[in-house]
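Can you keep this structure in mind? I'll have questions shortly.
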Amino acid sequence: MLQVSNINSFYRKIQALWGVSLRIDEKELVALIGANGAGKTTLLKTISGLLHPASGSVQFLDMRIDQMPAHSIVELGVSHVSEGRRLFQDMTVRENLDMGAYTHKAWNKKEETLERVHQIFPILKVRSRQLARTLSGGEQQMLAMGRGLMSRPRLCMFDELSYGLAPILAKEVFKIVKTLREQDIAILLVEQNVRHALEIADRAYVLENGRIVLEGESRGLSENELIKQAYLGL
Amino acid sequence: MHSFRVTSNKKALFLALLIVILIFAATMPLYIQPYIIISLTSIFMYIVLTVSWAIFSAPTRYISLASASFFGTGIYVWAILGSALPLPIVVGIGGLVSSLLALLTGLLTLRLRGLYFIIFTFGFSEFVRHSSQWWEINISGTEGRWVVGVDHTIIYYAMLILAFLTLITAYAIRRSRFGLALQSIGQFEEAAAHAGINVTAMKIMTFAISAFFMGAAGAIMATRWSYIDPSIAFSPLISFMPVLMAIFGGIGQLYGHILGAGVLTILAEVLLTEFPYYYMLLFGLILLAVILFLPHGLVGLMEKWWKGGLAGKHANT
Amino acid sequence: MRILDGEGVRKNFGGLAAVAGVDFCINQGEIVGLIGPNGAGKTTIFNLISGALNPSSGQIRFNGESITGLKPYQICKRGVARTFQSAKLFADMTVINNVLVWSLFGKSARTPVADAEMEAREALAFVGLSEKEELPAKDLGIAAQKRLEIARALATKPQVILLDEVMAGLNPTEVTQAIELIKQIWNKGISVFMIEHVMKAVMGMADRVIVLHHGEKLAEGTPEAIAKNRKVVEVYLGE
Amino acid sequence: SKDKILIGTAIALSGPFSGGAGMTQVPNFDMWVEEVNARGGIKVKEYGKRLPIEYIKYDTKSDIGTAVKLVQKLILEDKVDFLLPPWGTGTCLAVAPIFNKYKYPLIGPTVTSEKLREKAHAFPYLFIMLQMPRAQGAAIVELFKELGIKRVALIHTAAAYGIEHTNVIKPALGVAGINVDILKSFPIGTPDLTPLLKKIKAARVDALLGFTYPPDTFLITQQAKIVGLNPKVFYLSVGVAFPSYKGKFGAAMVEGVMGPGVWNPNVPHPGAREYFARHVKRWKKEPDRWASAFAYAGLQTLEQAIETAGTLDREKIRDVLATGTFPTVVGPVKFDGMFNVQSPGEVGQWQNGEFEVVAAKEKRTAKPIVPKPPWP
Amino acid sequence: MIVTLLDITIGGLLTGGIYALTAVGLNLQYGVARVLNIAHGEFIMLGAFATYSLYTLFGINPLVSLAIGGPIVFIMGFLIHNTLFQYLRSSSESMGAFEGRSLLASFGLLFIIQNVALLSWGPEIKGYTYLAEPVNILGTIFAANRLVALLFAVAIGLAFYLFLVRTRLGKAIRAAAQDPETAQLMGINIHRGFSRLTYQHDVRNHTTYGSPLYCNCPYCGGFRGIGQYPRQFHRGFDPGAYWQHSDLYRSRVIIGCLLHDLHPLTLGKANRYFREIEKCIVSELPLIKRLSS
């Protein structure tokens, strides 16, 4: 479904990604692991079109998207829940969700999707008319996820999925992500809680200093010594 | 934005330059034509206004449009006291009264941010104008006032000294802890408050300092005008010019403010006298061009040349 | 000895009681954890202590004196420093100047600039950011931003430090490092009041844990007791 | 030796004053320079020939600080021989000391202030063309007495012009036994005056007497029609005599409106009709009936004074100005102290599309129409 | 008594209402496009002059010329925004920098427009009379042109307000203004120019209530524009609270009108200057209270 081949990405003159390749199949849940500053966010931005790679290609559903503008990529069905929430602070919860469904396709089914999102995060319904900036940290995270789902994506990328969520909710969210696959959504997951991520993922990639250093079935990876040491803190 | 610590290299250069300019400026009336002296006085006046405006507004990012009310207050102080007291004392009083007014304005408006602040400060200077007009009509029973005039060389020296004091103050504030505090207020006021900075007091105090110089400048300039009324003294133009000049020159750098004030004053006069009918058109076009091509104002241009020059040297060696 | 305590602290936002009459106290040399579901009112409590918000009712005392209604800068100067859940950095200023503001102004006595600069460097070295001193703060990654937040708070030489989710977004290895860091802070004699969703940190470090739910105190006790508390498991920890 | 006379002016070409300056002064300055040069220049005996004029014009932006500075530039840098007056009372007063210091005569068409009386000795170079408030007040009171006006509403723009006139005329009305029922001021540019006009209407006064500036003059006229305020006498000030006033409202609507002035092509002075025709030909618009002709007359006065003195020595020219009599399009100009005796108060009234002189009595070009006809 | 009340209310609406609507325009521009448009009043002046010329030269009914002029000015706003402000925005490193630069740019525009108007129409005051007919509403009298201008302005302002608050596109404009990068991630094409729409609206709105009300001169804009910032502010100028607290916003507009309504009352009692002073104080107090709490 998504094929990233050999991309090099830059921030002005600083190279952040070095020949990165990655693949996601239909309905697959892939985890992306790496230390702070490894380049995870950069990779996600490159896929969603906020950054354009200097070389290499990104294909989505057999279409080359690496030079497409971000808003067209969204229309193809790629959703990117950014790191740090990036809510529209001066709009209400409800309006933020509406914006998630901005594409024509999603707008037509907005009410239906909204209901589903409200089911997943009931607090968003309660806080409907509150300004995004006054939500608590965790509530903001939920809103960011909800907004990401509003576009009815084929591929959903979560950057720092459980950031700032209470343990019970974090567990809940992992479950939800798993169920998303049953709705035909493929998932690319960036997550600091590596153990949890590996538990639910099918496959995982490990990114270090802008390069993929390891990849494979997640079960295998969680046994890997390097991973244990560097990311599981064992 | 400037860095808190200035390299000694830059400091020495700055000081040397300042002293040379000062000596030159002080001897000027001896050998220069009177009209150039008069023009220089205007440039100094705008330097005082722009630099003092920027003392407060540049680091904190509160764009104040109240300059006219402070400047005008200074003018009125001269109009009232000019015939009774010597110039330096009246100028000092002009500054102090303006500072007091700034304290009042500050208390009213400094809780506001962004557009609110801009509008309110402008509203405030209009309010001051209306009030003084009301006072003149209903209490003094007249509108305009005759003002005691002073020789243009004296005005020149007075303005030169004031400009010098303003620059020294601005420089000192920048380099001191106040400068850092003001800058952090501009960056993130809430965080600054939690860092132990008494944000309100700091803002009001700086606002008053900056108003002092504006008021003093008004008291000096009044001597040139011989007749004033509230709409002359509180002309809104005075509120806008410092903003324009500071942004034009480059808001982050002290020398940018000086440059902006100097260049725009000269430019305005040249355009005004050479192209009386197209003056505004050309002025507007130049403003647009500078904004479009020099995102950091004239300072950006200077720095480009500066760096270009250095790079050139490197290439040669 | 009680260093910081609150009594019947309450904060309403319109109809919502974000904090609904909570008592809490921090003793000298303690690490106290504050946990609770999202939106329970934890950050609001920090805002009330640090003076960012005024309580609707209730009392907050520091060293036995009421600090209710004081301004943030006054509270900071008395010795209560905080970090923000979402970093509030001076984005265009360098890392060192970010800390310098805190070390210059955060203490009750006037610090000479040279001393303040030294203290700022120390604080940066302490959190391991020495190499980034001259970078503008906006170029820092999330983990580094959190460290900078901590460095700034430390630079005021506080008696109590309020840490709001400083471990969010860190991977387990980094969490271990952060725990070390907080222990060192505690070693300096600073009392720690921390909001955290990373259980490993709370359970491993805290002397006492306060659990908040819907703005009310649900439970309070040792980490072990809290971990076993049925209600806490139900609303916060999950099975 | 000299081969030209350098004449400069700093006047509002832009900014809020430029409307007035562009109506009353700038076109007359330009036209006069052209005419003089067409004649070959001004004859100066000292040089034994006609010297053409070289003309420098600067824009004050309607800012007094700029005006002061530009006048200094003209004197000190451009070294002009003569200066033409700037526009408006405030600006003229602000530059008057400089004119004096460097001994340049200032013959001001648009400056009227009672304040000058106390300063007359200090400004020997200042000459004022237009009527002073006291004279205008007297003319109005005289007219009102004749028309049997008993009760007036007195309103004015809160600017020097309005305040001084009001200060002068209020006691004069009292002395004449005319009652001021309503006395109000408002800031220039007030967007809506209907409440005030409604109040005046309710008071049923005989006359509305307004010392107003153009924006207010236009606004009050329009709004008076809307609220149906139509007293026997309807007097407003600056702007009434402008051709654009008639242009905006049409001759039918301005019929019977009174204002200060007055000058029109029918006044019995030599050259008046020709001046009017030249102005219309040159600018495709009529001069206003208030200060245009006085501005032009001021230039004629200056020209004659130079020729009489036969020199460019400004001190001598001043003495000629102070003592001589100069025939102009507004009649023979003579200065009593600094004030033009040719300019006592005059009231005009729009009648059939022309602004006729109705007071003072001896200058009348038509009889006043009272009561004012209803709004169309 | 009832007549007086009515007089005050409608009279206040007529003047206060138009101010309030101008404020909406300014609000939109700053709140959505972050352009602090000093040249605001110049556009009013241009609109007024355009309708003036069309009316006096060709006898075109001002209402008709609105229909022609509206789109023209709309296109003008489009061009200005798309070239100038869009470029400034993309070349500014931060929002703060953009605000400063756009302020300077609008000064540039102000000078240029004034000069162009001065050159094309001359410095004198111009004016024409249109619909200056009294309209009798329940016993009190108002000028028809004011009523018409108000109606037009209300209609356009309201439509645009609803557009921004209710519709998909309108919300997208606001979102793009707050965080352009994230807006792209929602599928919003920010380069297609959204914020410019507000600019256009603003510009267009002005042409509407410019003309028949006032006499014009090239500086009328300057006076009305810059001079009205504070006045507009007193009448419900509130970008922050604008969107979400639309009730609050509405009430501010109403307060604005009410404030203006004090005008006839106070005119009867005290000097006009007191009213200006009183307006400042009355309108600043609650706002300051709210912001400081």
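Labels A, B, C, D and E are assigned to the chains in the order they are written; within every chain, residues are numbered from 1.
Here is the rule we go by: contacts are C-beta pairs under 8 Å (C-beta built on N, C-alpha and C of every residue); 3 or more make two chains touch, one makes a residue touch a chain.
Being a predicted model, the structure only gives us computed values, none of them experimental.
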For subunit A and subunit B, the contact-path distance works out to 2
Min route length, chain touch network, subunit A to subunit D, equals 2
The chains touching both subunit C and subunit E are A, B
Farthest chain from subunit E by C-alpha centroid distance is chain C
Cα centre of subunit A to Cα centre of subunit E, whole Å, reads 43
The distance between the C-alpha centres of subunit B and subunit D, rounded to whole Å, is 38
For the pair subunit C and subunit D, the C-alpha centroid-to-centroid distance in angstrom is 74
In subunit B, the residues touching two or more other chains are 130, 133, 137, 277, 279-280
Residue numbers in subunit C touching two or more further chains are 92
In subunit E, the residues touching two or more other chains are 114-115, 118, 227, 271, 273, 276
Full set of chain pairs in contact is A-C, A-E, B-C, B-D, B-E, D-E
As the complex stands, subunit D meets subunit E at residues 13-16, 18-19, 21-23, 62, 158, 184-187, 189-192, 194-196, 198-199, 214-215, 218-219, 222-223, 225-228, 239, 242, 244, 247-250, 253
The answer for subunit B against subunit C in the complex is residues 1, 3-4, 177, 180-181, 183-184, 187-188, 190-199
Residue positions on subunit D within touch of subunit B in the complex are 13-14, 57-59, 61, 63-66, 68-70, 72-73, 76-77, 89-90, 93-98, 113, 115, 119, 158-160, 163-164, 167, 185, 187
The subunit B residues in contact with subunit E across the complex are 61, 63, 108, 111-112, 115-116, 118-120, 122-124, 126-127, 130-131, 133-134, 137-138, 236, 240, 243-244, 247-248, 251, 277-281, 283-288, 290-292, 295
Subunit A contacts subunit E in the complex at 48-50, 69-71, 74-75, 79-80, 82, 86-92, 95, 98-100, 102-103, 107, 129, 131, 147, 151
